[in-house]
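Look for chain A in each of the two complexes below; its partner is chain B in the first and chain C in the second.
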Partner chain A sequence: MEFKGITREWDTLKKDTKARVGAASAYTKNGKIVDAENTVALLETVIKPFDKVNIEGNNQKQADFLAKCLCEVDVKKIHDLHMVQSVLTLPEHLDVFEKGIAKKLDMSFSGPQAGRIAEFLKEGKLELGAIHTYLELYGRYFVDLTPRVALIVATMADAAGNLFTGFSTEDTPAIVEATKFRQGIVIAQVNEIVEKLPRVDIPGDWVDFVVQSPKPFYIEPLFTRDPALITDAQVLKGMMAIKGIYAEYGIKRLNHGIGFDTAAIELLLPTYGEQLGLKGKICTNFILNPHPSLIPAIECGWVESVHCFGGELGMENYVAARSDIFFVGPDGSMRSNRAFSQTGGHYAVDMFIGGTLQIDPYGNSSTATANRVAGFGGAPNMGCDPKGRRHSTEAWLKCGAEYSKAPELWGTVHRGKRLVVQIAETFREKLAPGFVEELDAFALAKNAKLPIEPVMIYGDDLTHVITEDGIAYLHKCENMEERTAAIRGIAGFTEVGLKADPKTTAKLKERGVIRTTDDLGIDITKATRSMLAAKNVHDLVVWSKGLYNPPARFRNW
Partner chain B sequence: MKKWSELKDSSFFDASARERAVGLVDKGTFTEFLHPLDRYCSPHLVVLGQAVEFDDGMVCGVGLLGRHPAFIISMEGRFIGGAIGEVNGAKMVGAIRLALTAAKEIKAKYPGEYEAKRPLVVISFETGGVRLHESNAGLLAHAEVMDAFQDCRHIVPVVSVVGSKVGCFGGMGFVAAAADVIVMNEQGRIGLTGPEVIEQEMGKEEFDASNKALVYRTTGAKHKYIIQDCNYLVEDTIGDFHKVLGEIAGKSMEEIEKMRRIGSIDLVREQQELVKLVGDMQPKDSMDVWKHFGNENPAALPELSTAEFLKTVKRRARS
Partner chain C sequence: MALQVLEFNFKSAATQSIPKEWSHTGVTGSGDLEVLLEKKDLGGGVKAKVVTPVKGFDAVWEKMIQKFVTDTGVGNLSIEINDDNATPIVVYMRLRQALAEATAKEAE
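Presenting the complex of A and B:
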C-alpha cells in the first residue's frame, strides 16, 4: 500500500497569530502593556470574524472590562464570533449577540442571563452549540472548542505579563493553557500592574497583552448564606441528612451544593453532629468553595481539608490563616482552581448533596425552568456515579453493596456507588411544588428547541431524596415502579405525593426504603434554629475570631 | 411551641409572635385574647383570594410582670410582613383600651396600692406598617392606636419592643416612637420609609438598600441608642427583654415620662435642636453623628458585642 502525504504549511496558526499581534504593536508600550482607552482598538486588531473567543466569565470573578470593550467593537470589522465560555453573568455577555458581534455560543452556566438566552434563541439572534458541565467544556477547550482569543482576568500583572490570579483563580489556568498552546492570543485585564508579584499563577510568556482596567474586576459573593435566613424545616432536613445518610454511610469526602439546606448541615455539625459523636467519622474532606457557614465546623476541628473551585469575598484572611485546611500558596494566599476541584468532585468524593427545584416521579431532578436556559455548571459531574472510578472507600462500598440492581448489571464483581443526594421541600416559597409529574425541563427543551431536556441529575444516578416527610433510599428499589412509589411516598401533598398508595408506602417503610423522622429516632421538636452553631453572619465573624470580613450586603449589624 | 423555661434563653429575633408574647411576661401568667380558635380573621383578604390566619397575625393578651398586669401586643412578621389591617389593628386598640380599663378598676379597688399594681402596655413590633390589601382600615387603625396612646399618658406606661426580623417601619415606625419607652436588641430596626423604597424612589446613590451595614447603622438599634431614640439596648434573648420590662413596670410615672421623645413643648424643642444639628453638620453617614457625640472610633462600634458596646459607647446628652 502506498501512503500519500500532503503538502501544506504546518504553522499557519503561529504565523497568523504573529501577524495579528504584530499589527497591534502600535497600541503597546513597554512590551505587553496596553492602555485601557486603546482596548477596543486592540480587540478590533487581534480578533477576526468567526473566531472562537473566550471572555473569562466565572461563577465569581468576571473579565468585565474586556467584555464591555468587546461590545464596543465595530461590527463591520468583527462579527459572527463563536463564544466559548463557561459562565454568562454580565449583560455584556449577551449584548455581543444582540449587536451581531457574536453568533454562536457554547457554555456551561448562565445565571442571571438565562432568560435572555432563551429569548435570543427563539428570535434567532443566537445559535446554541451545547450546554456543558464545567469539566465537559474544559475538555472541549482541548479538543474542538479551543479559543483563538481569550480575554481573561487576573488580580495583578508585572511588566513581563506574569499574572497573579490570587484567591479566585477559578477557570484562568484551563483557558490560558488551551488557548496559548494552540498558538492563540491571550489578553488579560488586571486590577493593577506591579513591580513584583506575590506569586506567578500564569507565566508571562503565555500572555500577549495586559490591560489595567479602570475599575477592579467584578466579583460576586455567590456562596455566602446568611444563617439568619435558615428555616426550621431546613434544620429538620439537615438533621435527617446527618443521621440518616452521613452517619449511616460514614461520609468523609464530599461536596455540598450551594444553598440554605447544605448551609444548615454545615452549621449543625458542631451541635447535632457532636451530640451524635460523629466528629472524625464524617465530613473530613471537602470539595467546596470557602463557605462562611463552614467556619464553625472548621473551628471545632471537624474538617481536615477543603479544596476550592473559586474564592468567596470576605474569606481571604480566614482561609490564609488556616493553611492546614485550605490550599494556600507560598505567598500565603489561597489558589482555587475550578478544573482540579471539579476533577476532585467528580472522582474523589463519596457523596454529592444539594438542593433542587423539581424532582419527577422517576427521580430526575432539575433546576431548569420553562423560559430560562441556565445550565448546571458542575452539579452533573458531582451528582453522578463516575464510571471511571477505581478506588474504594467504606461509604462507596456500602452504597454499592445496597444497590439492588448490582446482581443484574454487575454480575459477581465487587463495585461501589457514589451517593447522590437531593434535598427538596415538598412546597417552597409561594407554594411552588418540589415534586412534579413532568419537569419544566421538557417545556424548556421545546421552547428553546434543545435536542435534550436539561436535566441536572439523572434519576438513575440519584440514590437518596430527603424531604420533611422522610428519606427515600432509591438505590434500594428493585425497579422503576418501586422507585416511583418511594418518591411518591415522601412527596407530601404535591401532585406526585397525592398519588402515593398508602399500602405500598407502608411496605417500603418496612423494608427501610423510606425512613421517617420516627424511624431515624429524630425528635422533631428539637429541630429548630436554636440547633444552629451560628444564627447570623455576625456569629460567623465571632467564630472566625474576626478573620472573616463579610461584604457590606451581609453585615446585618 | 417552646416552654417558658426554654424561651428564656431563646433568641428574641428568631421567636414567633406567640413565643414573644408568652416569654415577655412571668412564667405561666399569659392569657391570650381572641385566641386563634376564636378565628377572628381579615374579611378583606378572603375577598382578594389571599390566605388568612386565625389570629390575623397578631397575638394579644395579658400576663404579669411581678405584680403589674402587662397587656401584650405581639406582631407576627411571617404573616404578610406583620402589616396592620382592620382586625389586627382593632385587636391592638382593644388591648390598649383594656389596659386603661384595668388601670381604672385597680385604682378604684386598691387605691393605696395603685403604683405597685399599675398595668402597662407592651408592644412587640414586627411590621412594615399598613397592610396594603385593606389600606384605609389599616390607616384608621394606626390613628386609633395613636389616640389610645394619648389616653394612656400619665396613667399607663406604653413600651415599644423592637427586635424581630422585619423591624418596625411605615406608619408603625411613628407609633413605636410615640410610646413612652423603647427597648431594642442589636438586630432591632426602626424607620419610616423602608430602605428598599428609599432606594427605589431616590436612587442607589442616596441609599443603597443592598448595603446591609449601611441600613443597620442608619435604622438599627445601636444608632437609635446613641441618639437616644432607644432607651434600653438588651441582649437578644427573650429573658433579657423580660427582665428589663420588669424593671420598667416598677418605675414611677415621672421616671417613665422622662424617657419620652415627644409629647411636650420641651421635647419638641429638643427635637428641633437635633434637626438644627443635622442641618449644621450635614452628616454623610450615621458614623459622623456618632463621632459628634464623642465616639472617637465610630467604625468600631458596629463590630462590638452588645455588652462591649454598652460599656464604651457615648450617647447624645439629653437636656
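Presenting the complex of A and C:
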C-alpha cells in the first residue's frame, strides 16, 4: 500500500486570524479594548465575506449592541455570511439577511422573528441550513459549524479581556470554546470594564476584543409566570399530574417546561403535594431556570438541587442566598450553563413535562404554526428517550417495565424509559383546539420548503398526555391503533376527540391506559386557585423573604 | 361584539333537582363564566340557556352540558350561563362547582 501524503500549510487559520486581528490594531487601546464608536469598523476589519459568524443570542441575554453594529457594516465589504446562532430574537438578527450581509442560517429557536424567517425563506433572502435543538447546534459548533468570528456578551470584562458572565452565563462557554480553539476570533460586548472581576468565567486569552456597550445588554424575563394568571383548569391538570404521574412513578429528577401548567404544579407542591405526603419522594432535583414559581416549594424544603440553563431577572439575590440548592460560584453569584444543563436534561432526568400547542392522533406534538419558523430550542433534547442512558432510577425502571413494546424491541434485557409528558387543554384560549388530525407543522414544512416537519416531540417518545379529560399512558399501548384510540379518548370535543369510540375508550380505562379524575380520586370541584401556594407575584416576594426582586412589569401592587 | 344566545333541552333519567331554589357561581370575566342554577319542574328534563360571544361552538356547548347532565344525573333544572370565552373544561368545572355549592349550602 502506497501512502499519498499531501503538501500544504497546516496553520492557515491561525495566520489568517493573526492578520485580521493585526489589521484591527488601529481600533484597540490598552490591548483588547475597543471604543463603542469603532465597533462597526472593527467588524468590517475582522469579518470576511462567507464567514461563519455567531451572534450570541440566547433565550435570555442578547449581544444586542454587536448585533446592531453588524447591521451597519458596508455590504460591499461583508456579505453572504453564514450565521450560526442559537436564538433569533432581535429585529437585527433578521435585518442582516434583509441587507444581504448574511445569506445562510443555522439556528435553534426564534421567538418574535419566526414570521419574518418564514417570509425571507419564501422570498429567497435567506437560506436555511437546519433548525436544531440546542445540544445539536452546540455539537455542530465542534464539527461542521464552527464560527470563524463570535460576537458574544458578558456582564463585565477586565483590561486583559477576562470575562465575568455570572448569573447569565448561558451559551457563552460553548460558543467561545468552539470558536477560539479552532483559531477563530472572539469579540465580547460587556456592560462595564472593571479593574477586578468578581470571578473569571472566560479566560482573557480566549477573547480578542472587548467593547463596552452604550447600554447594558437586553435580557428577557422569559420564565416568570405570574401566579395570578394561573387558571382553575391548570390547577386541575396540575393535580392530575402530581397524583397520576409524579406520585405514581416517584419522579425525583425532572425538567419543567416554560408554561403556566408547570408553574401551577410548582405552586401545588407545598399544598396538594404536602396533603398527599409526597415531600422527599418527588421533585427533589431540577434542571430548570430559576423559576420564581419554584420559590414556595424550595422554602418548604422540597427541592435539593436546581441547575439552570440561564438566569432569570430578579432572582439573583434569592439564588445567591440559597447556595445549597443552586450552583453558585466562589464570588457568591450563580453560574448558569445551557450546554451542561441541556446535557443534564437529556441524560440525567427521569421526566420532561411541558405544554404544547398541538398534538396529533399519533402523539406527535408541535408548537409550529403554518407561517412561523420558530424551532423548539431545548425541549426536544429533554422530551425524548435518551438512548445513551445507562444509569437506572426507580421512575425510569418503572416506565420501562410498563412499556408494552419492550419484549418485542428489547428482548430479555432490563431497560428503563424516560417519561415524556405533554399537558394540553382540549381547547386553549380563543378555543383553539389542542388536538388536530394534522399538525400545522405539515403546512409549515410545505410553505417554508423544509425537508422535515418541525415536530417538537415525536409520538414514539411521548409516554403520557394529560388533559382535563384524563391521562393517557401511551407507553402501555400495544400498537398505533391503540395509541391513537387512547389519544382520542382524552381529546374532548376536538375533531380528534369526537372520533373516539366510546366502547374502546371504556376498555382502555379498564386497563388503566386512560385514567380520569374519578379514577385518580380527584374532586374536580376542589381544583381551584385557592390550592396555589402563591396567588400572585407579591406572594412570591413574601415567600422569598424579600430576596426576589421582580421586574417592574410584574409589580402591580 | 355581538352576543349569541343558545338554548338547549336535555332529557334526564333522574328527576332529582337541587335542594335550594337557586344557586349562583362564578363571574363573567375573561376566560370564565357565571352559572345560575334554578330548580324548575321540567318533567325531569334540563334546559340550558347560554349567552356567549363565541361563534361556531354550539355543538361543543351542547355536548359539554349533556356530559354534565349525564355525569351528575340532575333533572328538573334550569341552567343559565353568561360566558366570556371560557374553555370547555372551565364550563364543566363551573357547572360542577355550582352544583356542589347548591347541594352543600342546604346541608349547612
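For this structure, a couple of remarks:
The definition used in the following text is that the second predicted complex is superposed on the first by the 557 of 557 C-alpha atoms of A that agree within 3 Å, B and C clash if a C-alpha of one lies under 4 Å from a C-alpha of the other, contacts with A are read in each partner's own complex, and residues count from 1 in each chain.
The working rule: a contact is a pair of C-beta atoms (placed from the backbone, for glycine too) under 8 Å apart; a residue touches a chain by one contact, two chains touch by 3 or more.
All values derive from a computational prediction rather than experimental measurement.
Of the two partner chains placed around the shared chain by superposition, chain C is the only one that A:468 touches, whereas chain B remains out of contact. Number of chain A residues touched is higher for C, counting chain B against chain C. Of the two partner chains placed around the shared chain by superposition, chain C is the only one that A:492 touches, whereas chain B remains out of contact. Looking at the shared chain after the overlay, A:529 reaches chain B, while chain C stays out of its contact range.
Of the two partner chains placed by superposition, A:389 touches none, neither chain B nor chain C.
In the overlay built on the shared chain, the residue A:557 is in contact with chain B alone; chain C does not reach it. The interface of chain A with chain B overlaps its interface with chain C at residues 528. Against chain C, in their complex, chain A makes its touches with residues 231-233, 236, 425-431, 468, 492-493, 524-525, 527-528. Residues 228, 528-530, 535-536, 541, 546, 552-557 of chain A are the ones that touch chain B when the two sit in their complex.
Interface of chain B with chain A (complex): residues 2, 10-11, 13-14, 165, 186-187, 210-214, 216, 220, 222, 302-303. Every residue of chain C that touches chain A in the complex is listed here, in rising order: 31, 54, 57, 59-60, 63-64, 85, 87-90, 92-93, 96-97, 100.
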